[in-house]
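Each of the next two complexes has chain A plus one other chain: chain B in the first, chain C in the second.
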Partner chain A sequence: MKRNITKNEFNLFFNLLNIHYDIFAPVRKKGQGAFSDTDIIYYEKVVTFDEIEWAEKSTYSPKDIVFPVSQTIINFIEDRLFIPNMKSSKPIYILMRPCDINGIKRIDEIFLNNGPSEDFYYKRIREKISFALIECIDGFENCFCVSMNANKNSDWDFAISLDKYRPFISIEIKNAKIENIFHSMVTDASNIAAPEVANKNFEICFPEKNLKKVMLPNINEMPASIYSDSEFWDEYKNRCIACGRCNTTCVTCSCFSTNDIRYDDSQNVGERQRVWASCHISKFSMMAGGHEMRKDNASRMRFKTFHKIYDYKKRFGEEKGHMCVGCGRCDDNCPEYISFSMIINKLSARISADINEGKK
Partner chain B sequence: MSLDINRKIIQKNAYRITKKRNKTAIRIRVPGGHLETKYFPIIAQIADQFGNGSVHITTRQGFEIPDIDYKYIPEINKLLSTLIVGLECSIGVSINNPEEGYPAAGTRNISACIGNRVCPFANFDTTSLALRMEKEVYPNNFHIKIAITGCPNDCIKAHLQDFGIIGMTEPQYIYDKCIGCEACINACKKFVTGALTLHNHKVKKDHRRCIGCGECILKCPTSAWIRSNKTFFRLIILGRTGKKNPRLAATFLNWATEEVVIQVIKNIYALIDKEIDKSLPKEHLGYIIDRVGFNLFKNSVLQNICLNEEIKIAQNLFFIGYQYEKDIFMEV
Partner chain C sequence: MINQTYDANNIFIPVPHKIMDIITETEIDKTYRLNLNVAGLPSYGQFYEVSLPKIGEAPISVSDFEKDWIDLTIRKIGTLTNCIHSLKIGDVLYLRGPYGNFFPVDSFAGKHLVIAAGGCGLAPVRSVINYFYRNLEKLAKFELLMGFKTINDLLFKYDIDRWEKKFKSIITLDHGCDLWADRPVGLITDYVGQVDFSDKENICVIIVGPPVMIKFTADKFVAAGIKKENIIVSMERRMSCGVGKCGHCKIDSTYICCDGPVFTYERAERFID
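Showing the complex of A and B:
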């Protein structure tokens, strides 16, 4: 079903949806940017049209809805363990741009198909989540989703476009339940678009090209020499300051640590928390005894690069794509102006030069 | 023909007596130290036509145009009216006749670091505050120096002013967003006051140690630290250079709001009027307060002010100035 609706209709529809679902969407947070008088955009529960940031890509990805930054996974009292209940029992809709929908599907593999068992905590919330699409056509400065083949997606139940027949909102609904909710809206004629506008046909579009383009190395031709090529990676030893923003804003970074916490006054009561951890942040690969696998920032960068555009595909197969979906947040947020898309391109150039010279 | 000049009047008009006989220099105010380039041609014209074609950039972020014959003062004042209207009257400073030049020079140009229009550390827009403040203190003949700085790095050297205004934020911690990476803790420890510690894999803040610099917010990769809705200020007072007893300013108010800071500074003028040593050509505020005492100062400036709830007020001031001889302040 396709329809062009007014903002009033949108709000009525969302009111009804909210009875059955928690709806998450990007929200602009005034003054919450790191620099004073700047904003950030992150995902929160929404009810109305105006709460949602439609124009800009979110600073942080929606992944924290399914994989919280910090989450209590076990409460303990002495030798008794409790698994905390979920905060809300309602099913969830997340409004996302195509890269982010694909991003969530990438971390599905990590939590659900990587290893002998599914991740309990991820699964129990993921099962409640359905996708809604925010149409994205032009993308933004650092996007390279087209190169990553993550620019399109059809796994959504409804899609919203603001670009078709402004000031009307174009909505396409593919799911029968949502369509029923939409049709159950009761409103008077003054609130809705005239039939000739409401029924104008449209197509939901996807970005067909980005301002940035990356060349991906062929995963079957990755020369071993590149892992230890210090000339290639050493640049990042000093340029990268290991702040971790490229990881925390990334929609597909999915590493975590677990911490045990004992409440101060009663050492036998506490909780186990699972918190984001990431390859660029200090202590990430630290083991008991203090040994770190990758201490310097150059090898962290190498590790991330291969994880994003090599290891993942190698492990999960061609059809799953690379881990990186080209959302560009790593480039948006690096305080040192390190461009990850540039690293991918440099890597490809370096590898094809090797291949041309017949090196392996 | 010998000149007959009323030095007092000339100086109030922002001209000064210079080393060169018969030559003066004009000081141009640039509140907040940020100037649109459209004013440059006027400054250049005055320097080219009446001075020696050069301009001195003052430490107070104004311009001083030297080597001017006294007789050109009226003409220069006419040219200055564009600057006075554009930079002073337009922000609400009450100046009766802008064609007659600056009406006072005692309260100096309010200087400000570049602030959050450019600097990532700044906790607020310093220039805007300077513009709001200018009309509260100028024109006035009492010699007062005010400087505004975006964060405790104090790039404008607010510590050397009668009133130094330092921008602060009160970082708000979102427990569930913290990954315990310790970036904030290390930054606060290395660059600031060590107000943060790791506790149960999360962060604890000792509010008494926190100086509201915002470094922790800048370092956090998950936005677990965010800025407070309100901007706060630390008002440091009675810093000075000068021959007798140079010293860094000391904290008078901590976590004050803009309204409180402006009111306090406005209130100082009545106290100066009452207590200044009229036998001297001028007396700096610091020496007046040294004489009358901190308690009198505190009671006068805080009079009729509605204080914000977060504010902390100094019980006493501790200055670390220096003395040339240890008994220099002993009387016979």
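Showing the complex of A and C:
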């Protein structure tokens, strides 16, 4: 079903939707950005149209809805264990741009399909989540979703476009339940779009080209020489300050650590937490006793790069795509202006040069 | 005690296991024998995620097992293991697992098996050694190389005494002492040459120890004509979940926790962290 609606209709529709679902969407927080006079945009529960940041990409990805920054996995009271209930039992809709929907599907692979069994905590919230699409046509400054083949997606139940017949909002609904909710709206004629506008046809569009373009290394086996090429990676040894911002803003970074804590000196009450971990930050690869596998920022950058554009696809298969979806948040947020898309291009150029020179 | 029924699909629930016995191996290593009542029986070389509520969790390899108990040899090296070292018989350790792949003991039938273990690397292969101690007839030949830093770092002395009587066992210390007079001193690599290489095609080698020891020992065996696919190593990495989710143990497209910790050297030598 496709319809062009007024803001009033949208809000009525969202009111009804909110009875059944928690709806998460990007929300702008004025003046709360990392730098002076900048805003931050992150995902929050929303009820009305005006709460939602429609125009800009969110600073943080929506992944924390399904994989929270910090999460209690077990509560301990004396020698008893309790598994915390979920905060809300409502099913969830997340309004996302296509790259982020694809990003969530990338981390599904890790939590649901990697290893001997599914991740209980991820699965129980993921099962409640459905996708809604925010139409994205031009992308933003650092986006390269088209190169990563993550610019399109059809796994959404409804999609919203603001660009078809302004000031009307175009909505396409593919899910019967949501369509029923939409049709259950009761409005008076003054609030709705005139039929000739409401029924005008439109197509939900996707980005077809980005300002940034990356060339992916087109090889089946990464040459061993590139791993140890200090000339290539040393650029990031001092440039990267290991703040981990690229990991925390990335929609597909899904690493975590498990920590136990005690609430008081009696040691009787505490919890086991799962918290986001960053492969750029020291101790990520450190074992008990202090031996660390990747000590410098250069090798950590190399590790992340290969994970995002080589290892993941190698493990999970061609049809799953690369882990990186090209959302560009790592580039948006790096305080040292390190560009990940440039690293990918530099890597591909170096590999092509090697192939041309006949090196292995 | 667990006070409620948990979702059976929640693999992160640790299960309490009673400590039946504690053996002090060295100043910093103790072996804990646990009554295996709930967790599944391990295979040779697998590990458990071992925890104490409110303290922490760590992957620990099984240093031996029978049908109703497992041994965990634990070095006092961090917050969790310090606390574990203060436990007494009758206390409990919390386990989840067993996890990881294992040494293919059945595939060694009829082979000449050589095991080279450095330091606490002996723990994950001790169950393999004891298996062949009990079933020596399954092998064409069995040789054991063990290296420790000093005489005070010797692990499983009571087992080593038995092993030495039944098959060739070379124990070398990095630093000798008066009590070790006339016994092998030096790195384990110095004693690879004493292995009987007369039937090279039939030899299988297991190497476990610190990364540097694995590399140099494997290189010696390769130089002696052993194929890399016939050398098996067990690796250690930082792990948080043990089940392929947390990402800490990942090397290239490999997750050590679920694809390993046991690999052929042919594969392991190409790992770049």
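The working rule: the second predicted complex is superposed on the first by the 356 of 360 C-alpha atoms of A that agree within 3 Å, B and C clash if a C-alpha of one lies under 4 Å from a C-alpha of the other, contacts with A are read in each partner's own complex, and residues count from 1 in each chain.
Keep in mind that, in the parts below, a residue touches a chain if its C-beta (ideal position, glycine included) is under 8 Å from a C-beta of that chain, and two chains touch if they have at least 3 such contacts.
Model, not experiment: these values are computed from the prediction.
Visitor: Given the alignment on chain A, is it a clash or a fit between chain B and chain C?
Guide: Partners fit side by side after overlay.
Visitor: Go through the superposed model and pick first if A:314 touches only chain B, second if only chain C, both, or neither.
Guide: After superposition on chain A, A:314 lies in contact with chain C alone.
Visitor: In the overlaid three-chain picture, which partner chain does A:277 touch, first (chain B) or second (chain C), both, or neither?
Guide: Both chain B and chain C are touched by A:277.
Visitor: For A:68 in the superposed arrangement: first (chain B), second (chain C), both or neither?
Guide: Once the two structures are laid over each other on A, A:68 reaches chain B alone.
Visitor: Applying the touch criterion given at the start, work out whether A:111 contacts chain B, chain C, both or neither, answering first, second, both or neither.
Guide: In the superposed model, A:111 contacts chain C only, not chain B.
Visitor: Is A:60 contacted by the first partner chain B, the second partner chain C, both or neither?
Guide: Only chain B is touched by A:60; chain C is not.
Visitor: As a test of reading the superposition: which chain, chain B or chain C, is in touch with more residues of chain A?
Guide: C
Visitor: If we overlay the two complexes on their shared chain A, which of chain B and chain C does A:135 touch? Say first, second, both or neither.
Guide: In the superposed model, A:135 contacts neither chain B nor chain C.
Visitor: So after the superposition, what angle do chain B and chain C open up at chain A's Cα centre, nearest 10 degrees?
Guide: 110
Visitor: Looking at A:259, would you say it contacts chain B, chain C, both, or neither? Reply first, second, both or neither.
Guide: The answer is both, since A:259 touches chain B and chain C.
Visitor: Go through the superposed model and pick first if A:100 touches only chain B, second if only chain C, both, or neither.
Guide: neither
Visitor: How far apart, in Å, are the nearest Cα atoms of chain B and chain C after the overlay?
Guide: In this superposition, no C-alpha atom of chain B lies closer than 10 Å to one of chain C.
Visitor: Take the contacts of chain A with chain B and those with chain C, and give the residues found in both.
Guide: In chain A, residues 259, 261-262, 277 are touched by chain B and also by chain C.
Visitor: Which bits of chain B are touching chain A when the two form their complex?
Guide: 116, 120, 122-125, 169, 175-183, 200-201, 214, 217-224, 226-227, 229, 231
Visitor: Where on chain A is chain B touching in the complex?
Guide: Touching chain B: residues 29, 31-32, 34-37, 40, 42, 59-60, 68-70, 243-245, 247-248, 259, 261-262, 264, 273, 275-277, 281-283 of chain A.
Visitor: Please name which positions on chain A make contact with chain C in the complex.
Guide: Those in contact with chain C are residues 73-74, 76, 79-83, 110-111, 114-123, 224, 227-228, 254-262, 267, 269-272, 277, 279, 284-289, 293-294, 299, 303, 306-307, 310-312, 314-315.
Visitor: If you look only at chain C, which of its residues touch chain A in the complex?
Guide: 1-4, 6-7, 9-14, 16, 51-58, 75, 77-78, 81, 99, 236-238, 240-241, 243-248, 250, 252-255, 257-258, 270, 272-273
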